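Listed next: structures, encoded as structure tokens.
Across the two complexes that follow, chain A remains constant while its partner is chain B and subsequently chain C.
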Partner chain A sequence: MINESPPAFELGDTLATRCGNTLTGVFVPGSSKIALSAYRPVKWNSRDAPSETVGSEDFVLVHMAKEASLFEEPLLRSLLAETTVTFTTLQTLAQSQKSSTKKITEYTKISSSYRSVIRCCLEKLELAKKLPEVQENDAKQKLFAEAIMTLYSVECLWHLFEILYMQQQHYQLVVPQLLEWTRFHYPQAEDEATDLLLMGEEASEFDNYWQTLKKLIMFGQLDVTRAILSQQPQASQPAFQAAEQLLKSMPVYQEGYALQKFTTQWEYWHSDLERKLTAHVFATEPELELMMQLVAGSNKHWDAELLDSHDWYEYLPGYLLYTKPSCKPFELRIAATNWQNRWSRQQPADWKMSQLSRMVLQLMKHEVKQFIYDTQKLSDSHWFSTHIIDLIHHTGLLTTYFEQQGVEIPELRQSLIYDYGSYLMTSHNLWQLGIDYLDHCQQEGLAAISLLLPHIPIKTERQAFKIIQLAKQRGFVEVEQDICKVLSKRAYNDERYGSALEWAIRAKDVLLVTAIADFILKNYSHTGNMLCKDVITSIGARMFVSPRLIFLLKYYEFYELYGQREFLAAADLLVNLLDSKITPDYFWPTLLIDALPLLESEDPKIFSKETVAILQHLEMELVPLIERNKRARKQPSNQQTNETALKDYRVEHTEEILDLMRLACARNLARAMIIENTSNIS
Partner chain B sequence: MAANVSSHFISEKISKVRWLPEELQQSERFITGSWDMNTNYVRLWRLQANTYEQNVEQTPQCSDKVAFENDITGMEFVNNDTIAVGCADGHLSLLSVQRAVEEDQIWRTARSERLHEFKRSCTAAPCTALAVYGSDIATVGEDGSVNVLNANNLKQVKLTLNPDSMALLSVTYVNQNELVTANRMGVMRMLDVRVANEAQKKISLYASCQDAKSSNYVSAITTHPMQQHVLICGCEEGSISVWDLRNMKYPASYLSAHNSPITDIGFHRRNPNKLFTAAEGGEVWMWSENNMAFDTDQKDGNSVWICGDRVRALVNVDGVLTNIRKAINSFDVQGSRLICGSDSEAIYLVNDIQ
Partner chain C sequence: MFDVEPIIADHKDVIHDVVFDYYGRRMATCSSDQTVKIWDEDDHGKFNVTSSWKAHSGSIWRVTWANPEFGQVIATCSFDRTASVWEEVLGEKVSNSNAYTRRWVRRTTLVDSRTSVTDLEFAPKYLGLLLATASADGIIRIYEAPDIMNLSQWPVQHDIANKLSLSCLSWNTSTYMVPQLLAAGSDEAATPTGKVFLFAYYENARKCVKMETVNDITDPVTDVAFAPNAGRTFHMLAVASKDLYIVNIRGVTDSTGNAKLELQTLKFSEHNCPVWRVCWNMLATMLISTGDDGCVRIWRMNYARQWKCAAVLKAEGGGPTYEPTPPTPTMATTASATAKFYKKGSIGNQVPWH
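Up next, the complex of A and B:
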């Protein structure tokens, strides 16, 4: 159930053996793995000489060690998923404005719904264990057995905790609930009893008849015992009649009854039983007499029966029923200790108490601090400790106890939820559950979410959107943008520029958007191919992320108009673009060449004033650029960058543009002036 | 929240859920597809009477399953016992269901070549959605392409279109020959499945968005089962846009609805007065036409959905499922039963859809 000693690793590769099996380990960031490799300690006093491994063929092997977790089994995932729902319900309940008495019943409901989740899971496991594919698989069978064992203990402890600490009735009697508890955890007796009842009269011939009856008595199930006894063929004999009478008349405490009165009644009934036993009323039926001895609480007989019991607490509630029916929680402490001592005396010398038994004892002895300490050692990835401490924290149970013991429950709860949430977030495909836990541990939790969210491996865009949505809900703008950036880079490297551009716009990253827009523009000026037209047309108002993107969009608009032979509008847009001051340097040649056909067209498209402006841009922007380019080309260091910077697919040398453009401008200016002035006169 | 909801935890994140079609009765069987698991399965379930608890009438029992290579992203019935399944490895598969008295069975009958891939790196691109019309199946993927295949021969792709250079998220048939696809920028395109890339008419619709500067993808589209010119889509910002395909200049209506991305949208199969929407935030809403109000000025062929601002007054909204906290990825309605698959690894069964 738990590892009493820390787990030991042995690598066994040759290198490690040679170095005397010393290891070094590093926690792998973003996961719960540890990377282990051979390591030889070198200290200040080690001799400075070539090590003997020099030149050897041995590889350095890096081993990955991972904490084994039950929850990798798909069946157990539902436990995590379902408890997450209960957990969040509890958190909202704790924050709600209900009255405290109402809340307490709600808390008990929550507690039992946690338990029903475990029981449901146990049932599924039991079913699955019988499947042929599991039967054949040893590893799986072992895992299932371990899971059943762990979950069973958890349920058993939780139930006991609920009885002893959560159900606070004013009369505070624990025996009836404890009987219920053992009944659930040792169901065999009840199963056998059902068989006996079904057999009717013949039951008494059954081999285990008296054994079963004894067990029923020890589990305190008087009604069933009586029912079986009444089926006896000899039921009318005086011994059986007397037993029936006694069992029937045993006083049972009921709510609202005066405790004093009950005790007197019970004392009377008990002495009556003792008297009948000494009078040998049951002597004719030795087995029945033995049963009645048990009912009378005879130590000698109970001790004999104890030898057969599975665990020390199995018959404790039954024993209490016959010896101290009005036992209160604080009296249970002593009763449990005594009983446990009695039981262990019967055990063989090498007997060792199991973890579960010890924890049951801790609960009964009111050693909750130790109990909480031990819950964290269960191999359930802290499932139990996290949830029960969260529940303790919200219900405000045992507050004074913890204060005395110096246990800071709120802090403990926070750190457990934090660990558990981080564990879920870092485990493959449990991240959606983990986030719910981290949401409920204040600032640290949120910080952890913002750190862990971007580390979730993204396989599809739909998943990416889910992660982005989670970040958005919590206002982690940076996380959202980081994810978009990663996807943008991924798409860019894969030459999916449209996708890259869109992700970059989503990331609202000016530099990235500018870089991609640059790429598209440069690609156009080099090849004349406009990439991802579909994306550029639909960017719309999102273009304001980056001036370069605005430029790209506007240029594309011009490109489209030009393609549709809407020259006037195109010319207008082009002049605007020239004036806009957002033209990147490398694009000047392209932009000016684009003006060329418009200037040279038969009927002038560009007015004189604009022509002058174009000419001005030519001289003020392009000429200095070319000069700079030339100078730069002489320095071989950055030759590469500049050569590619100024280029258009339509001309071989950028310098040629100058002459062509000057001529075209002059011609257009002349024509435009004539036309403009003529029209002015007319 | 509807009164009669039962939840069943099945240890899988569910991306798709569909009822098996039944002709005359309420279906007892459904299939689920999972995502983000170590092994993803399409599972066939059957509802069985619950012997344990009184307040939950039926529990689903898994009768059979088929393991898949990657996340299940789309699942539609081609006919009564054939299912087309799209997978995140870019392939399309066909599954067959055998209904039996004891144990139902499901198995894979065909698998296509890789339909979607990123050209440069030659890696698989996830298939993101699929639509079925008759025996035609259209798939869309993250590579921005559309493939049309026939269910009788998955080895041959009838038509491949490349309308977008980014991921397409959703697809639906408007009629036998026309498809509507939606991409990550909220652009929807109408494509003709009879003509190749170059000859496509460029018809695109832009999803409306409250803030024009933010991105708004369209994640789900559907058409009205009776009035096929009514196209409804759900968006990232949680709103619903409606188009009248006879007049595509503007969206006919715009409704702000959920406050998280819409994941699935669909009309009731038999009762087109009801529309359902599911959202990432863990909600399913039912929009029912308020016939009383609409009858007064009903015109021929006009749907309440294209009434612009008046839609709000003509449609009632009810929360069928709320407060699930995890995304509802898919739902299906049949008769009075609604089934939902969620990231909370549970199936939600609502029994009393009126």
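Up next, the complex of A and C:
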């Protein structure tokens, strides 16, 4: 079965079939899409000329191909969200219990909670299908129909699996549960029966009366049958009385009963029925007689009824009820095979078994390996196969079977969950669910999360914080930094410099923080505009990421003080900055010009010692810089970068600063010395 | 089982490369018509062209995206012997709104090669903004932009000469191994020697040296691709040659304490013809190979860690016809194309994973 050739799909790209062309494809990151296009093998040493196909009618196309998924519909997406909860519960349950105390009943509960999620979703789909907006939308109609069919099949198979493999009673009898199973999946007979019951006596006039009763018998619903029959106007006649008595007295196996005793009782009852049929007790009522023939398990009569059934397994549980009520799972294999053969003989020659029917047969025949393989072909994005294998793994069911078959369930489970989780993580809007699955795939799963998480497209800051939080919980430091860097660069390119600075600081990326701080400082020295003041004021202690950022903050502090006319404090800070040794070269002119008004103030703000220091910076820092700049300017290759490097918006040529500053320093020195010396004397 | 939506690329000649950005939301295409096109995905998942320009004066072989932390940057290489770096910048303000237009500007043209530049790829981001190019004269050049805020400077950091002409290269993106590996392939057909070379890039010593030749592959090689590494202890390199190869690479230390590579080459002959291109998915659980047989094969690693071909996509088949205008397919053609692969009324039409 594994060796079957891979499925092939035709794309219909004409260009790719022309002139030695072929088809190529690439995976689209962050999604499950594949982009396909025509490919022309060309070597570097062939002549670079337009290809033969230029000007032909074949379009140059890129095909976006994606494995079809039901789960893009919001209604179905909720199914995934709800099952994730059950999945997580199961993992916790499996971890919390020692294997000896694990109870099958708890796992059965999990199993039925998976099924109830599907049933609930099916109901929602049925309702939604009737909405006018869906009725008018062909694509949606189709999608809903497909979803209903798929989910219905999944539920049907899961239910059967639960009955056959998850019950572990001592005398494991399957017939009553199988009857339950068919009752749910073929509710029509029951609906009709309800109608008949409501009609009371008149029911027998109804066209489908006997037809419905027959169906009820074949579904093994004896109580309802008896109730309807008792409403018959002729219910008191001997034939009806006999039927009522027989149906009522049919032995039903109950737990705790000795099987031997039950079998004896049942055989006694059965021969009684046979006797009555041979004695023509029901002959007066042919329809009733037919029903009793079915109850007696008459092959001829069952075969006749089989023609009308939808699927081979529809009446199998009913038939077993009348012929082999104590059927065990291992006996079911033979019974199912025989029954299926009988049924298919009644079908037209071109009849083909549907996927669902085949899988039902596989379960009944205990071909679980093939069943597992086939579950992966359902169009449910591997929802069913992943969850059922996970459940099988945790319950430890069928361990010996799988060992014999050479199927390594733990590996298969791990692999399916990994694939399912990564499928969700690369699907639009489902990525958060994917994380819950990958979290249960050991190291591999964590590695996958750390690889996929940074690829989630970040649309809003809120989403970015969400991703960062998830990364932090798992200790992925790099992921957080990557996201911050990307957002910083994005903001920078969009000229949102405040945000760029914030994200860069968060990324703890020294180079990036320095680059942005440089940009803000340069912009200030060129234009006199201070960018993103609010962000700068809020940085506080985080400034220690980069010396340049410290400089920016300190300079901004000076800028604020100056603006508030706190000249003394401002002058103090400025002198500190000049001495700090963290001034970037390009900022020297600006910093020195800033000192100018303070030096020129009538009322001195800077002491003589500091004035000397300023003069010293002027001569030791700025003068050599200007010299270097001049030399560099002569080399044409570097001209552009260096010429703009030394510039302040307040002067045309940087050289002008020198004389202005020297004069200002001299004057201030004079004033300061007079005052300082005077105060010293007094 | 596959929904297919065709996009009319509007290139005047065949497309040589289709490459997606880090998030898969932007697509770059390049063609023999000497143009590059940038496509953006809208909220409905449709790709629309947002920029298109003539980028070279020859066929453009390859296009590659830089990591988004360096901004929106692509590089292209061409038959015209050059490679170029392009950056998207804000353009004019759109009237009546706060939005700006965006346009792509050429940041640099790398003219060092004297022959066709056949492939190029940005290095893993933690090495900085590095670009490796391979050319037909057999030289690998590694360029670096020292100032990430100013992409006009791209000095050559290394050039490594090889005897054979080169057709492709690929960086290993995994951070599990130091030194970082760079693979290159040659499509030289005349000599019967190994055609895939592995180079080690030492970040701290700023050194790049040849480490190993994959001697198992002696047929011309047209594409190589390192697999992303999600927690594996070894590296995987897919090679497109006469057949499809996957080379498993383990870093080991020999008795003298030197780092060595242990290679294991797996061969897959299902195409029965030359393989031109290879591409991994994000977790390296799947691989696409392009054969000369008009087929794309999708490979999947099963739970027993074996590579199996999971599906075949064929070029032929009667697809829908397209109107040249409007530029994007109308609803009707899209719907008919989408419906093509559905097996109606069936519950089982999916590719099994295992």
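What to note about this one:
Everything below uses one rule, namely that the second predicted complex is superposed on the first by the 582 of 682 C-alpha atoms of A that agree within 3 Å, B and C clash if a C-alpha of one lies under 4 Å from a C-alpha of the other, contacts with A are read in each partner's own complex, and residues count from 1 in each chain.
What we mean here is this: contacts are C-beta pairs under 8 Å (C-beta built on N, C-alpha and C of every residue); 3 or more make two chains touch, one makes a residue touch a chain.
Keep in mind the model is a prediction, meaning the values are calculated, not measured.
Touching more residues of chain A than its counterpart among chain B and chain C is C. Residue contacts after overlaying the shared chain place A:Phe544 against chain B, while chain C stays out of touching range.
Within the superposed three-chain model, A:Ser326 lies out of touch with both chain B and chain C [touch as defined at top].
Applying the stated contact rule after C-alpha superposition, one finds that A:Glu502 touches chain B and leaves chain C untouched.
In the superposition on chain A, contact of A:Ala447 is made with chain C only, not with chain B.
Within the superposed three-chain model, A:Gln231 lies out of touch with both chain B and chain C [touch as defined at top]. Contact with chain C, but none with chain B, is seen for A:Asp374 once the two complexes are overlaid on the shared chain. After overlaying the two complexes on the shared chain, residue contacts for A:Asp494 are found with chain B and with chain C alike.
Looking at the shared chain after the overlay, A:Gln177 reaches neither chain B nor chain C.
Looking at the shared chain after the overlay, A:Glu461 reaches chain B, while chain C stays out of its contact range.
Contacts of chain A with chain B, set against its contacts with chain C after fitting on chain A, overlap at residues 428, 494-495. Here chain A touches chain B in the complex through residues 74-78, 81-82, 84-85, 88, 428-429, 432, 436, 459-463, 465-466, 469, 473, 494-499, 502, 505-506, 531-532, 534-535, 538-542, 544, going by the rule given at the top.
Taken together, the chain A residues at the contact with chain C in this complex read 6-17, 21-31, 33-45, 48, 50-51, 53-54, 59-68, 139, 149-150, 153, 355-356, 373-374, 376-382, 385, 408, 411-412, 414-416, 418-419, 422, 426, 428, 443-444, 446-448, 451-452, 454-457, 482, 485-486, 488-490, 492-495, 511-512, 515, 518-519.
Contacts from chain C toward chain A in the complex involve residues 1-16, 18-25, 27, 29, 31-33, 45, 47, 58-59, 68-72, 79, 88-90, 100, 115-116, 118, 125, 136, 147-149, 165, 167, 187, 222, 228-231, 274, 276-277, 279-283, 285-286, 288, 290-298, 302-304, 308-320, 322, 324, 335, 340-342, 345-354. Taken together, the chain B residues at the contact with chain A in this complex read 9-13, 35-38, 70-71, 73, 88, 118-121, 123, 126, 128, 142-144, 163-167, 169, 184-187, 204, 206, 212-215, 217, 219, 236, 260-261, 280, 325-327, 343-346.
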